[in-house]
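For reference, the structure is listed below as structure tokens.
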Amino acid sequence: MSENRIILEVKGLKKYFPIHKGDKTLFVKAIDGIDFEVREGETVGLVGESGSGKSTTAYCVIGMYSVTNGTIMFKGKDISCASSQRPLELKRDMQIVFQDPGTSLNPQHTIYKIIELPLKVHGLAKGREMRERIVQLLESVELPESYLYKYPRMIGGGERQMVAIARALATNPSFMILDEPTSSLDVSVQAKIINMLIKLQKEFNLSYLFITHDLSLMRNVATRVVIMYLGKIAEMAPTEIFFQSPQHPYTQMLLSSIPVVTKEEEELKPKKIKSQGEIPSPVNVPPGCSFNTRCPLAKPECFEKDPVMVQVGPDHFVRCNLFA
Amino acid sequence: MGINLLKRIGLSIFVLFGLSILIFIISRVVPGDPARLALGPRAPEWAVQKLRQEMHLDKPLYTQYVLWLDGLVHGDLGRSLVTRRSVTTDIKEFLPATLEIVILSAIVLVFGGIFLGIISAKFTNSWLDGLIRVISYLGIVSPAFVWAIIFVLIFGYNIPIFPTMGRLSPGVVPPPMITGMYTVDSLITGNFGTFVDAFKHLVLPAIALAMGGMAQAARITRSSMLDNMGKDYIAAEKAYGIPEGLIFVKYLLKPSLIPTVSVASLDIAALFGNAFLVELIFNYPGFSRYGISAMLNKDLNAIAGVIMVLGVIFVTINIIIDFIVAYLDPRIGLAGR
Amino acid sequence: MGDLVKIQDLYVWFRVYGGYMKVLNGVNFSVGKGEKVSIVGETGCGKTTTMKAILRILSSQAHIPKGEVLFEEKDILKMKESEIKRLRGRGVAMIFQDPMASLNPVFTIGDQLAAVISHSGVQDLDKEKIRQLSINALKEVKLPDPERILGSYPFQMSGGMRQRICIAMALATERALIIADEPTTNLDVTIQDQILALLRELVTKRGNSLILITHSLGIARENADRIYVMYAGNMVEVSNNEELFCNPLHPYTEMLLGCVPKLSGGGIAEGIAGRIPDYLNPPPGCRFEPRCPYATDRCREEKPDFVDVGNGHKVACFKYN
Amino acid sequence: MPRLRKAVALLLVVGLLVTLVGCGGKGQNAAKQVKSEDSIIRITEDWPVFIDPGVGSKFSDSIALVNTYDTLVFPKPDGSVVPHLATKWDILDNGLTYKFYLRQGVKFHNGDEVTAEDVEFSMNRLLKIGEGFAYLFTRDVAGVKALDKYTVEFQLKKPFGPFLQSLVRLYILNKDEVLAHIEKNGQYGEMGDYGKKWLLTHDAGSGPYKVKEVKMEEYVLWEKFNDYWGGWDPNAPKFFKLSGSVEPITVRTAMGRRELEITDELQPLENYKTMDKIKGVDVATFLNGHNLNLMLNTKKAPTDDVHFRRALAYCIDYNAIITSIYPGSALSKGPVPAVLPGHDPTIPFFKRDLAKAKEELKQSKYYGKLDQYPVSLSWCAEAPEEEKLALLIQANAAELGIKINITKKPFGSMMADAQKLETTPNASLVFVAPHYNEAGSILMSRYHSSSCGTWEQMEWLQDKNIDNMIEDALATVDVKQRFEKYAQVQKALYDLCPTIWLFDQAEKRAYQKDYVYWPTAERALKKEKGCLPMGYDQYVHDMKVYPEKRLALL
């Protein structure tokens, strides 16, 4: 896998949001220096709790947020600029699917119109071709032609998400960001969508940056997993290795918290670490290792020294003082 | 809270200073010669010229502003061309009259609106709710002066139970000037008869003025109560066995009032503007009527004085309402601290 | 044995434009004293309606054509207002899904806790006593600095803290039954784990009965003694905890389990074709029939009842009789 | 739930009833007994009301001044004046000197006697301040002097025939009382503010009514002055009140409630019709010496051509105007309203005659190129009825092929436009009123070159001959001769046709016919000729009021 071409490369990415409190200006350090890459045909799972910075990362990559510092390279081009300065071709090649299809689809428009828009903007179809292309796109997400003139409110949540995916596919992208695409859906629907995403990936040779808080889902989807905590990456490894030997105490805490349905899975959950504490506000990041407030293994040095990323195995990186 | 208040007041003074420049320029730039308008078309030119000098109209605009601001700081707003008195005297006389109406009107607006809204929400989709909603629609679509006319016709003419002109009935001696508000002054001096008479003169104008805002408040209260009724916390409070009556008047009402109060604050500020036609119809010598007649007569000092006072009132109402909303909605109050 | 709550053949319909939404379709359900039961089902299957029926806080559009809800062998649906009030105050407490929405945003935590305590039916509570009880309740859910929290508003708390407060309210006074309706849906997985552990611990310690409503089979498995699987207004299967996962009988349960992503990998099943039925015009027989790969003509006409396959494992499917 | 709903409904209804009955009680139980406050005349008029003779000059001010102060002479409807404070007078030096002999024993409201010094003081104060009616005197009066306690002498700069008529605007103030209330720091040197501030809310007069109360922006209330030298009819009103509101609905309601005796003249036509239907209320319609003029700019094409002007004059449908737009008004005969003394009745009416109009147009130098010369017409935004009139004129002129462009202008802008010939439009609709009740006033202020550049003359006539004729007429002291000279000027103007005199205005006021005797209304009913100067129609001293008849109407 690692010999595949790198599509997206994020280096030293930082995103701070200023907030004004009285006379002082504080910064929410939503992302505080992260490095990762996505290779062709790969699914990178970006996992973390709310407030960890995973969605902010996605928005920086897609260009919805400007970057405070660091670089984002897409297919060798620096795209750390504002969205408005990005070439149209680049926008076509990179698409995003949001968490809530209820709000990401215009309720006033038919599904035909919703999918038509990106085709028009990028000039990808005209006249009679247009309808054919839209029907074809619907078919690729297994929706019948009869859905063309329905409105989003008339169809189920899962189907809406299918439409959102079809819209993203409309421009023939090579890279898609999936921002918790199934977290508001029932498992039976989630299963359908996930399977379809996997099928599409193979069909169109897509690369995914898959954002989620659900590690069990990642186990079944991702080729590589990146764990984020308070704007930094805690651990990063190929999926197989990751689930066999999770290293970071936070990763272990996450895994131990997952409710499971089989004894087999039970075995995989780390036993020694129990969930405790809550993620601090990104305005007041604790000094030293930012996980020190919850870490059962924290040593005195963890309260002073911010750990650096170290490699602990092939393609396996951990940012923890235990491994320094 | 104290520091926050001081900050708001400081900011307000800044805003008012800006306002003073703006209104001064606007009042002077409007076409027409105020001195000529004041003395009439037949007055000899020398008399007009003399008045111009007296009002510093012959000086450059910035000098006029400095002189005016200097007066303002000393509580002297210049002389009115219509009443030929000091504008300060006029304001002292007319402002309390309008305040009296506006305060009563605001009380009717807020309490009446909330009361009707609660009733409407409590008996959703009943005939009572329907009636209140129809009245609310009428209240919103009809401007205050239309209500004034309707009230004058009904309660002044067909069923003549309320006075329709002035502040007091003929022969009733006004109470000694303390606040300038007849109802308050008569109560302070213990003259109940005068109070009743003054109050009766306030009833129709105040209600006419309140109708629009009251209807608005009723509608907003109703919809926000219905909205909150569906919230989990109300279900939770019910589930915990808290009596429905208490839930309604306490736990449901308080969060539902936040939008009402915010909107009502705008409506209350607008009362001063709407008061004009109402005062005209009830021949009520109030501040709004004074202000409009100042504008029609291009009574420069009066215009500037009136707008300045209104500015202060608006800013004050704003501050007060902000603090009420902050009290009702802890999220706002604490964010400001 | 002494069932605390027993629901028998309960139907609940909702009046809407164009007819009735026939949501609950003959629900049978029970919770024993001190038992922890979970109801698992997907969105819109009628879990919350069932719970609201127990508390009798259904909306005014609701209509109950048939069935009974027995609480300590008394029919809640036939109770007078005063009895209902006592039931709400002392018998049952409910924890809602969204802890932000289930706390009144404009009153302090202290105020809301005090209201719950003072209306719990316990006599002679003065202010100081209520305050003491409030503080104890907050301490019990392991919230630091309870005195400060009493004076705080919900928006000043994190999601996890808010749900702890909701639990504190539910447990502030003695209650026989705690209903938790998806108490952790909006929380992060680590916080979810903490909250569920806390709830489990407190309920066990006090010997309360618990009904845990969830859409997550994993949560049900780790927190309940017995699990009901609900689909479109019916209980389709009930079983002891492990049994359900080793030996799911109902086709729906089986397919649902397949959809759950496993930590051990192995891919995810294809999902379940179709959607839950339209409650305005539900299928006349088994409501799962349109989506069921094993459906027969009988399923189309007749509604299956629970069949006991032994050891308390019951399933409502014609495959088993 | 339903029980609570009923309870709330009941509460609402009961609350409403209690309010109605509770507040209504007093009104209905009011004893049907005549109180002295009921002997009152209440009149509505525009605010402000200035009761200071040095300041006031508008309609409302005039009503106040007429009733509060006395003048040396008093006007009659036929234009003559009769002795008032002055019992007789001598005109000396060919009309350059007027000597008045005062009535003795006349008391001011504070008990002081009226003397020649007061007259001297009043004239000087008026001239010095320069506001109010001062414009009547500043041009001609050279000086005034008290010769002894009861004799006062006026010196004129040149003979001014209608001087006596203008003296009905010299209101005599109590010198001592005014001096006692002077504010030191005023703009009139040693006279300080000349008592302006005090006189804003107090009076220093000797007239039939004394000011009792001034409520700014609301009303002025007067009380009968029992020691009035002119004596009192037993039914004369004990009180008199001038209210500053002309809101139609308010006025109409007050008439219905018998809380108003005489309305203002500013009501819309509809409101007079409605009030006329109220029992016991009548609408008095009387010509007041004002007329509506279409002033034509005689120095601007195409209205600089007399034939063109006449063509316009012959095309307008005058009858339509006085029947439907301004009902009650009369056709105008020349520049001077017919009710004014000195009017020449031999001048014909302008009549609509399209044949004649076309004939005149043919003689005009603009004939055949009318489309190149559109006529601009301004009407006064403060008088909304004028719009209908402007549209009618536009339609009439179109029949001749004359194009008229109509502009609505606030009076202030019209005044500004009148200052320069270039900015003065071809035609302007303006109401005109005499300064004093004689034809000469209209002729002087309208057509003498000295008034060019003001709103009173937008014709820009600038005709030396006319100027000389007017000056000569005004300098003539003998009334008969003066009126003859007026007649000549009127004829000359008719031929020049600088103005289209549309109609003589009728003033309308509703009043309580059943319990008020109002001389002006009586005169109007009998269609008697003549008119009184502004304000004198509301001379309350001569009115009568019958409170018991009023109670019968309640």
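As written, the chains take the letters A, B, C and D, and residue 1 is the first residue of each chain.
Throughout what follows, a contact is a pair of C-beta atoms (placed from the backbone, for glycine too) under 8 Å apart; a residue touches a chain by one contact, two chains touch by 3 or more.
Model, not experiment: these values are computed from the prediction.
Following the contact convention of this document, no chain is adjacent to both chain A and chain C.
At the centre of the protein atoms shown, by the Cα-centroid criterion, sits B. Between chain A and chain D the centroid-to-centroid distance comes to 85 Å (mean Cα coordinates, whole Å). Centre-to-centre spacing of chain C and chain D amounts to 87 Å, using the average Cα coordinate of each chain. Chain A and chain B have CA centres that are 54 Å apart. Centroid to centroid, with C-alpha atoms defining each point, chain B and chain D lie 37 Å apart. Under the contact definition stated at the top, not a single residue of chain A touches 2 or more other chains.
Contacts between chains trace an open chain of neighbours here, each touching only the next in line.
Working note: touching chain pairs come out as A-C, B-C, B-D. Contacts from chain C toward chain B in the complex involve residues 52, 55, 57, 85-90, 92-94, 96-98, 101-108, 115-116, 119-121, 153, 155-156, 166, 169. The part of chain C that touches chain A in the complex is made up of residues 42-43, 158, 160-161, 188-194, 196-197, 215-219, 221-222, 245, 255-272, 275.
If you check the complex, the residues on chain B that touch chain D are 31-33, 36-37, 39-44, 46-47, 50, 54, 82-85, 90, 93-94, 119, 122-123, 126, 128, 148-149, 152-153, 156-157, 159-162, 164-167, 170-171, 200, 203, 280-285, 289-290, 293, 298.
Here chain A touches chain C in the complex through residues 49-50, 156-157, 186-195, 213-217, 219-221, 243, 253-262, 264-265, 268-269, 274-276, 278-279, going by the rule given at the top. Those residues of chain B that touch chain C in the shared complex are 231-233, 235-243, 246, 251, 254-255, 258, 328-331, 334.
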